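This report refers to the structure that appears directly beneath it.
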Amino acid sequence: MESVIGKLIYTVIVAVIILVIALLHVAYLTYAERKIIARMQQRLGPNRVGPRGLLQPIADMLKLLTKEDLTPYGVDKPIFYIAPFISLVCAGTGVALIPLWEKLVLSNINVGLLFILALSSLASYGVILSGWGSNSRYAFLGGLRASAQVISYEIAMSLALLSVVLMAGSLNLMDIVKAQINSPYKIYLIPQIIAFYVFIISAVAECNRVPFDLPEAETELVAGYFVEYSAMRFAIFYLAEYFGMVIMSALAVTCFLGGWVGPFEVPYIPFFWFLLKLYILLFIYIWVRATLPRYRYDQLMGLGWKVLIPVALINLFLTAFLKLIF
Amino acid sequence: MKLLEKALLIEILKGLALTLRKMLFARPVTIQYYDKVRPVPASGFRGRHALVRDENTKDTLCIACLRCVKVCPSKCINIEYETDEKTKKRKIVKYEIEALRCVYCGYCEEVCPVNAVVLTEWYEYIGFTRDDLFFDKEKLLKNWDEFIATQKRPYLNPFWKPRGIPEKFLPAKKRQFVGV
Amino acid sequence: MATYLEINKKQTKEDTWEEPFYLNMGPQHPSTHGVLRLYLELEGETIVNCTPIIGYLHRGVEKLGENLNYNQTIVLSDRLDYIASAANNTAFALAFEKLMNLEVPRRAKLLRTIVCEMARICNHLLWLATHALDIGAMTVFLYCFRDREWLLNIYEKICGARLTHSYVRVGGVRQDFTKEIIDELYKFTEEFPPRIYDYETLIDVNRIWLKRTKGIAVVPAEQAINLGLTGPVLRGSGVPYDVRKFRPYDAYGEVEFIVPTGKNGDTYDRYRVRMEELRQSNRIIRQCLDKLSETEGEPVLAENAPDLLIPERIKEPKPQPVPKKGVIFRGIDKPVVPPGEAFASIESPKGELAVYVVSDGSNKPWRLRVRTPSFVHISAIPHMAKNHMIADLIAIIGTLDIVLGDSDR
Amino acid sequence: MEEILKRIKEKFPSVILEIQEKDYPTVICKRRGFLEFMKYLKDEEGFKYLIDLAGVDYLNYPQKNFEERFEVVYHLYNLDNRVLLRIKVRVPEADNWQYSVTSLWETANWFERECYDMFGINFKGHPNLKRILMPDDWEGHPLRKDYPLYLEEEQEWTKYKEFIQKIKTS
């Protein structure tokens, strides 16, 4: 009895720690994005709130919380209200499964990878439902685009991850990291470079980021699926998008870059290497956004179905073949 | 080869390299207006209106010839004057400029034969009501005082004596004008 | 307004799946470049029908022009195509000068050519910025604005305004350049060409950019002429029509430049044409600056130019060599602007800007007609957008380079 | 240039009223037979590009030497020979219509709509003759000389007034 309570308390504490870390990351990811893109465009970026604008995310959050929550006329109310939360919950739950460190993972389940994939597909429901429920034509088009995009890129991403699963022989994320440590190259990036390439591209598409940000293309559909949302609901969508980025990057770190393992141990910060790899990946997201134009809808589908999925399939086949031989 | 180039995203990497280079080495070009930098407009910038205050009479130089009223494309200048019975000299009673109507073409200062009206290089002016930007004679003179305090004397607005315009087009007073 | 409500009512009544999907794009939309409204009939994302609706920015410039004198009208022209107002000023001034039989001094011609080409660079930079932003390349936008800022600063030194210059006046220009401006322009022409490479690195060979622009909105040469497209849009289709070469005005007859043309008439070709024009404009400015030193100290206003405040009639002294004693001298009363009509057109950055003016002998135009490039280009959108996707429509609006102030007048 | 003028003068003696030498050669035509004339100019003479189409209102024009109130002015351009030609057609107020040239030059579509909007000249054969710059329910044609520059209070756009009234009451 006591041990159960103790375990519960332990879980709650760990959950809170991880959630706080994750939320801070998400909040400061928006800040980092604005600052980095600003510097790439020879601007200054946010620099008014706090020293060097460091309190900007908090100010934004406060502003969005205190704004009026508008419900446009003619929306499908239950769907309209629930959609942002579907997005956020699905994106946020993934944090529980990412092993930050050998001893720091909230729930170490055996189908971790599958669970994350399932959640990220569910997250697209938030987008689709918000597009449908908003009673706006732009939102509707955005929702349609999102559903098509998510479905096609989900496949490429899963296939890329499957080859990792094949190599590790497990769906448990912890086991995947451990298998990587024991593998000859220490990380799966080197043997699975093609899978990594496919995964990164599909992850960018999965998160609706430039150059695949069609569902929310500002210059075409104004803001796409969340065009009718305001205040906190808008903020939740925003949060979900950045959560998605963090989860996808964390997944890439876990599956391809060897998780928390680095060339040498850093004292006192056991997940130093994990975070470093995460930041590099997140930087790439932002960097790409500052540089590239946007694909067109049909071109995006073509890229997904005609290039990424065949490449991922061939890679999977090769992996299985090599695994059979050795 | 071409396929390899395409697969390795060469041209995209070039673009990425450019943005990275800009991030690391280029300085931001942002002008942090107001608290860090306050740009000085070029000489002849067409900003807030003013009536030149005569040093001797402490009044405007305007002789109420109404040329500025006639030339104004947006009809934002309004002048009322009275004529002295004996000397036949005109004296202005009202000189109003509605800055919200003004299109800042600068024709008024160019046609003024005595260089009384001027669009100063003063660009920081706002108003919370429409009345704040409705300049009557007192306000216009005050504008001039505020402006000239920041300038080196003698001050010569380029539009009072436009460069390169033949002298034939300028009234006598403008030809010898050297500034106030 | 009424039409929009009607459409809505019609749709909510019987919303079946067979009904086409209508989308009302604009007048408030980030990439319709102003208050252009496009009423789209969609099938999925493909455009079946596109109806442009303009007039939201109609200010009655033609009617106002009939009630203002010729020099005041030039101020109105600033507000037409507010990206390149110097070009508009020149078009108006050319028409009025033709009407009044004025010969503009050479220095004024050179100065006009310089400001027109500066306007072209300004316009093309803004076009590139917004076009790239529409397609999603965010960074080009800010790089272009950075360089445009420099030109605007030079404009500020030239004429005291950054956007609405009213620099050109009937018979010449308002004032001469200073030494400082010429030096700065020299510096600009030195440093500008390498900057064009920066933009091209980001988008020129980028596969996404190519995919988004190649083969989009193809206009064959024959159709382009029939649609009345002009400027870079027409040249992108391979027709080398450029008013600067075909009917030279100002100093364009004495400078050397190439008129770049495209081949396929698609969005990418038009983009290439404009990028090349940036270089050519730079070249023209350079040549004009060199020529300016030859005309140092010359006036910039024609001797017989009218005053800013154009009088209705002017007293001209009688050709009387020896005035007789006792005879009161009386001049001939003659109108400043003889009655008649004149047509002048220039190659504005967006296309051919033509001004047709009819005079009745007073100091105000009887009829002032402005043929603006944007107006014609918008009328071509339905032809170009058919069977393209929404995303392409954005690219088409971008490639046509329209300004609604220009089209709505 | 002279050759062209000579040729068209011979070919269309009944259409052409007068040929004037102004800044550009100006041909004044009748309405009857106008379309054939334009078709000839486009197809045979190579005036493929219609620069401009404008209406002019000559009500109380001081130097007027003709009866009709309106004039429709076409500026045609030959891209090969670099020749600009101005065509004028006079339209009386009583039956103010003119043939549409939209079938020849697609540019004319919007120009004619604008001309209709501003002067009230009806273009026969135009596919979609609607107002373009002014709102659909606008009354009057603004560029006519008898259209006042400032409207009296009562004459202000009635629909707009109703609209304002509706907002105020609701």
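A, B, C and D are the chain letters, set down in written order, and residue numbers restart from 1 in every chain.
As a working rule, a residue touches a chain if its C-beta (ideal position, glycine included) is under 8 Å from a C-beta of that chain, and two chains touch if they have at least 3 such contacts.
What you see is a predicted model, and the numbers here were worked out from it, not measured in a lab.
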{"item": "Touching both subunit A and subunit D (chains)", "value": "C"}
{"item": "Contact-richer chain pair (by C-beta pairs counted) among A-B and A-C", "value": "A-C"}
{"item": "Relative to subunit B, chain with the most remote C-alpha centre", "value": "A"}
{"item": "Centre-to-centre distance between subunit B and subunit A (centres being mean Cα positions), rounded to whole Å", "value": "53"}
{"item": "Averaged-CA centre spacing for the pair subunit C and subunit A, given as whole angstrom", "value": "46"}
{"item": "Rounded Å distance between subunit B and subunit D, as computed from the means of their C-alpha atoms", "value": "41"}
{"item": "Distance between the centres, which are taken as Cα means, of subunit C and subunit B, whole angstrom", "value": "25"}
{"item": "Sequence positions of subunit D contacting 2 or more other chains", "value": "none"}
{"item": "Contacts with 2+ other chains: residues of subunit A", "value": "40-43, 290-292"}
{"item": "Where subunit C touches two or more other chains at once, by residue number", "value": "139, 146, 202-203, 206"}
{"item": "Chains grouped in pairs wherever the two touch, ordered by label", "value": "A-B, A-C, B-C, C-D"}
{"item": "Subunit B-touching residues of subunit C, taken from the complex the two chains share", "value": "68, 71-73, 75-76, 78, 107, 139, 146, 149, 153, 156-157, 159-161, 164, 166, 173-178, 198, 201-203, 205-207, 298-301, 303, 305, 307-309"}
{"item": "List of subunit C residues in touch with subunit A within their complex", "value": "21-24, 29-31, 45, 132-139, 141-143, 146, 202-203, 206, 208-209, 211-212, 389-392, 394"}
{"item": "Subunit D - residues contacting subunit C, complex", "value": "22-24, 48-52, 54, 56-57, 61-63, 73, 75, 79, 82, 84, 86, 105-107, 109-110, 114, 118, 131-137, 142-143, 147, 149, 159, 163"}
{"item": "Contact set on subunit B toward subunit C in their complex", "value": "6, 11-12, 14-15, 18-19, 29, 41-46, 67, 70-71, 73, 103-107, 110-111, 119, 158-159, 162-166, 168-169"}
{"item": "Contact set on subunit C toward subunit D in their complex", "value": "1-3, 54-55, 58, 60, 62-63, 67, 98, 225-228, 239, 241, 246-247, 339-343, 345, 352, 354, 356, 358, 360-361, 366-367, 369, 371, 375-376, 378-379, 383, 408-409"}
